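In the two assemblies presented below, subunit A is common to both, partnered first by subunit B and then by subunit C.
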Partner chain A sequence: MKHNDRWINLLMGIAPIPLTLVFTSLILLAMGASPWEAYRNIFNGAFSSPEKVADVFAACVPLVLCSAGLAITFAAGQWNVGVEGQIILGAIFATWAARTLAWPQVPLLAAMLLAGLLGGALWGSFAGLLKVFGKVHEIFGGLGLNYLAQALAIWLIFNPWKPAGGATMSGTDLFPEAARMPHLGHLRVAPLAVVLALIAVALVTFLLRGTRWGLELKALGKGFVSAFTLGVPATPRLLTAFAACGGMAGIAGTILCSARYIRMIPAISGGQGYLALLVALISGSSNPQWIPFIAFFFAAAGVGSPQLEYNMHLDSSLGGVLEASVVLSVMFVSGWRVLLARKRSQAAALVSAEQEVTA
Partner chain B sequence: MKVELIDIHKHFGSVRANDGVSMTIESGSIHGLLGENGAGKTTLMKCLTGYQTIDSGTIKVNGQPVAFASPAEAIRHGIGMLHQEPLDFPQMRVLDNFLLGFDTRLIPDRRAGQNRLQELGTRFRFELDPDAEVTSLTIGERQQLEILRLLALGAQVIILDEPTTGISAPQKAKLFATLRQLADDERRSVVFVSHKLEEVEQLCDRVTVLRHGRVTGEAEMPCPVSTLVELMFGRSLPPLECPTVEHGPPVLQVEGATIPSYRLTVADTRLEVRSGEVVGIAGLEGSGQRLFLRACAGLERITAGRIAIDGKALSHAPYRKFLDAGIAYLPANRMDEGLVTGLTLTEHFALANRTGPFFIDWQAARKEAAERIQHYNVIGRPESPVEALSGGNQQRVLLALLRQKLRLLLMEHPTRGLDVESSNWVWQQLLARREDGTAIVFISADLDELLEYADRIVVFYGGRMLAPVAACDTTVEGLGYMIAGKEPGAGAQQGGAHDEA
Partner chain C sequence: MNVEFLIQTLASIVSSSAPVVLASIGETISEKSGVINLSLDGSIALSAMTGFAVAYTTDSATLGVLAAMAVGALIALLIAFASITLRLEQVAVGFVLTMLGLELADFLGNPFVRQPGPSIPHWPIPLLSDIPFIGPVLFNHNILIYISLLSIVATWWWMYKTQPGIKLQGVGERPESAFARGVNVNRMRYVYTTLGGALVGLAGATYSLSIKLGWSHRHTAGIGWIALAIVIFGGWNPLRVAAGSYFFGLLKALGSILQRNPAFASVPTQIFSSAPFALMIFTLLLLSSKGVDRLLDMLPPRLARRIDRAIRGRAPGGLGRPFEQG
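Our next item is the complex of A and B:
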């Protein structure tokens, strides 16, 4: 019995992979392209040279940081879609530090990271405050704050931070040398950023599993009223969860402006936050240790898919289709799993739910 | 309709919840299903109604073998179940909840549904407001709604899993009358799951007794209680002994507190409870007693008056301050308000330890959980998710989660779902806390429980708190009168006075 369950679990864990391949292959076939050829191109686009591999790592870092943060808010049962705005605020704070503090590299980078963390945490707390005290659902609050953050970034770039040659959508002047995170030789990846991302995952995994704070968040996420009755201080816990997630997103923002763009640009986050939501959705709050792997796959698909355009004249958005179908397959399989589990044990509202479906 | 269960087996891992159970339910009769906590009663009934699949065995309806893959299928065959834990849709209105049952079209005919609800309601004298939110109903009213829904779905066999826990005496009388009406006048069958012997005696035509997943006996009623007790527990129970305890200084002081709510406002409540004292609260469900108890726990806002714990005013303080002052609150609706679905027992114990260290030592936590599980006789493992436990075992977990040192223990239906033996044991544990000066205030629908364990009893009637009476001066009848709002005799009617027992 137990043994059986283990096998089923393992099978279910792997099931999304073939499901995704089947789904995207069907789309490719419908477009008259060879799926094999397409996958080969994406793979080559991501891994055929050290430069490309470095790009994949670089693309991976902000995703990992944000997803690690989101694992925290997911644990507390919160949909922190405001993570996108939290990246932007992190970048804004870091840019401010880079432009204002004329310090040597090490203290300056430390200050920028700290500023980014604060900025993201601040923006995350706003979403939390709106939720806890304003009774605004975190999805709406988060979306609103995302727009606000975007507007703030554009205003800053076009007004106080505009380059000497006049403001454009291409952003501020390049950061001074000391504010740039050192790259690995000529490769476009900053080792420090990779290390920070891995630390974040380890930290989140540990916080969620090994501390009271993590346990309390989990309890709030699974049964808010019961957890509160048991004495979990709900308000401070939710606020710290939002702040912690925001802080990690803020660090991602700092890395984006200091290591990737070397300046502040309007589209600094470029949808990384939303992509991270998908990564965190797949890993779930109980398995944050999978985040780097899932994010790596997403990053590779993102870096590799432009190759489709050069070599096969397919639209590079197919990379996005690949990512999306992974999410759908995972959701599908886990939904199916829940159903199966429910069928096995008591299904709370099954009578009526089923009748609704058959209606 | 005749239902036969033949040699039913249902195992959960190594737990044999049902181990070869056979039972026949005749039409037009009320069949009692008795058994101690964890005996397998709920499991058997869930197997019958398609909530769970059986490992082996046969179910026959009118002689035809059937296999229900889902509750919906069972109800199409006329078998419906009222669950131990309420399973409705609390965010909805009464009518919508009712319609979910039988109107399966995309756009339900609300008018027809309302008529049907009204018609059924009148037939059984249930007064349900179709537009009320289900959350605002009492447990008893939710139950009535659920019964009507099952009847509207055409249930010929109605299974009630411990329906009397948490409802008041008059609601219970009404429920019993309804069940008799269903069996005698309409020839439907009723299965009544319980471990309350007097109820089974009062209501049932026939009983089946389960123990450790097997049938230990079947009997036509009436049948001597001692026989049933032996079948349930394998021996008869020794009488309970409780030492009396000196009462100390006041622990809880409520002075003219007014507690508003959407449904009713409880005005000008007054009560003083001393350390070591036990105060019971009686009343029809929804008369304000829950609001009052929750206000004492800091979970309801008060608009006038004062609440103090150990002399310290806490009137508008948050729940956390009440906890710090040494209160504990045990809610009635254990799965929604007390326990967290999806967390294991170990996680629950770690969580309830508010002053525990930031870094959790899971090994120690597991050990601690194992100890408490053993001490409280919970059938479950440290790593079991709490929802996998039987109803009575969940209640034990809730009690096991109470901290050691407490000043004031506030409880709603503390022995809800526990069999006689366990509830005696639980009360022994609770009363032992009085020696450390803990004061206890509890709500119960069981008048015998109130009279047996409380020093004083307060009755709530229609949002009003009547003055406390000493338990030794009261009888079940006297309490019954007060609960129903009739003159109980002189002395107890001028609400408000501090009445030291």
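Our next item is the complex of A and C:
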């Protein structure tokens, strides 16, 4: 019996992967394309050369940073949909530093990271303030702030920051040399960014597992009332959670403009915030250490899928379909397990009740 | 301002708001029964794409509309299954389905991008469309726009004036007492969630077959999120939800009028297209904030109560909470 259970657990644990593959294969077949060929193209698009692997790592970094931040707000039971705007504000603040401060590289990069952190934290706190003092659900407060951040970025690019040749949607002038995060040789990945992302995961894991702050956040997340009666100061805890998440998103924004685009562009976040929500939904707030691995898979799907457009005339959004359907499968399988367990315990209770009656 | 221009503007608000009206009325129905369908933005995109693709392939706009409704209903059914039977967190499942719907719409819709295709024929209602002013504003559109108008009145009447509608409110407000009175709570939630989803699908079809014809990348541009916010703003009351939808339409119309004004020529168009979204959400925020409470406290209590009831509503008591039905 025990032995059997372990096998079932293992099977259920990997079940989301075949489920996703079956789903996306059906979709590909419906489009008249070979699933095997499509997966092979995505894989090659992500891993067939050192340049591509470097791109996967570079794509991974902002996702990991935002998901680590989201693990904090999820622990507090909050849906911080505003990450997207928090990335943008981080990038705006960092761009301001890059354009204003004529410093050497090391202090300038440090100042940009700090500015990005502040910008993101500020925008995150707004969502928190709206929630705590305005009774506004954080999903809608966050969305409103995302639109506002987007409008602000466009306004800046089209007015004070417009290039000498005239403003376009392709963004500002390239950053000065000192404001660019150094790449690894000719590869498009910045080692400093990777290190920062890993530090963020370690920090969040520690904060949530090993500190009183993390414990109190989780108490708040589980149920407001109980935490309140136990004396957890709800307002400051929620606000710091939003600010911490925003700060990490802000650093992601700094890395995006300093290391990837080397300038500020209107679509600087390009949906990374929403993607990070998917990553954090799989890891949950209890397993932030998984974030780098999930994000790596997401980044590989994202970097590899444009290959579908060149070789198979399919839209690259298959990468997004893969990502979202993996999350959906994970959720459904876990829900199914809970349902089975509940049915079994109900049946057991019924049997023991019957035995009592007959005894 | 001349009357002709006013009529034209109002008529365009009535027609361009139709998808938001249908989606927010559909969401009101499902939330009223206690289930949040957060997938609206993805549902609308996927159903708009399906509606156009089916209409294009079969050369029948009617089949397109039906297919779109089926897609909306199917996604809603998935949410009902996840939240009622599997008891997963509704908001989480809805969010993931939003993303999946958007990506699937892009992927499957790729062959149909910017293709010319069939649309719903214009059909002024005889006699009614001849009424001065009201006629051209309300009755000079196509069948989908009339359905959007009808859905408002019909949903309001069903919810507040019929026996099954009262039951529906009970299921959302206090599932325990509804169950004690012999109502099959979970079955009703399945039915109303799916029905609401079909209306959301219809919203998608209205978009691609009547408002912004055809299909392109991010064709439906975030209206799902607006519809979700409007349901809260409208206090789960179909009439006020509709008012909110038309208010959003008005903001968009004002945006495009301002955009044509030479004084604003230097402002990038992206600002005009996203400003109504930001404005709308912050209007909703302002109305629900505690600041309004303080303003109301300064008024005489009877007036304050009236205003409070007019601008705000309370969420159904059982919203988002799974119900264990023995």
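Some notes on this structure:
Please note the rule applied: the second predicted complex is superposed on the first by the 327 of 359 C-alpha atoms of A that agree within 3 Å, B and C clash if a C-alpha of one lies under 4 Å from a C-alpha of the other, contacts with A are read in each partner's own complex, and residues count from 1 in each chain.
As a working rule, contacts are C-beta pairs under 8 Å (C-beta built on N, C-alpha and C of every residue); 3 or more make two chains touch, one makes a residue touch a chain.
What you are looking at is a predicted structure, and each value in this text was computed from that prediction instead of being measured.
With both structures placed on the common chain, the touch criterion links A:Trp213 to subunit B but leaves subunit C unconnected.
By the touch criterion defined above, A:Ser170 reaches neither subunit B nor subunit C.
In the superposed model, A:Leu230 makes contact with subunit B only, not with subunit C. Once chain A of one complex is fitted onto chain A of the other, the partner contacts of A:Asn287 are absent, as it touches neither subunit B nor subunit C. Taking subunit A as the reference, the larger set of touched residues comes from C, when subunit B and subunit C are compared.
Judged by the document's definition of touching, no subunit A residue lies at the interface with subunit B and also at the interface with subunit C.
Note for the complex: subunit A touches subunit C at residues 27, 30-31, 79, 130, 133-137, 139-141, 143-144, 147-148, 150-151, 154-155, 158, 167, 169, 266, 274-275, 277-278, 281, 314-315, 317-318, 320-321, 323-325, 327-328, 331-332, 334-336, 338-339.
Contact residues of subunit A toward subunit B in the complex are 1-2, 210-213, 215-216, 218-219, 222-223, 225-233, 343-352, 354-356, 358-359. On the side of subunit B, the complex with subunit A involves touching residues 13, 46, 51-53, 70-72, 75, 87, 89, 100-101, 104-106, 299, 319-320, 323, 329, 331, 335-343, 347-348, 350-352, 354, 356-360, 362, 388, 401.
Residues 38, 82, 85-88, 91-93, 95-97, 99-100, 102-104, 106-110, 225, 228-229, 232, 268, 270-271, 274-275, 277-278, 281-282, 284-285, 288-291 of subunit C are the ones that touch subunit A when the two sit in their complex.
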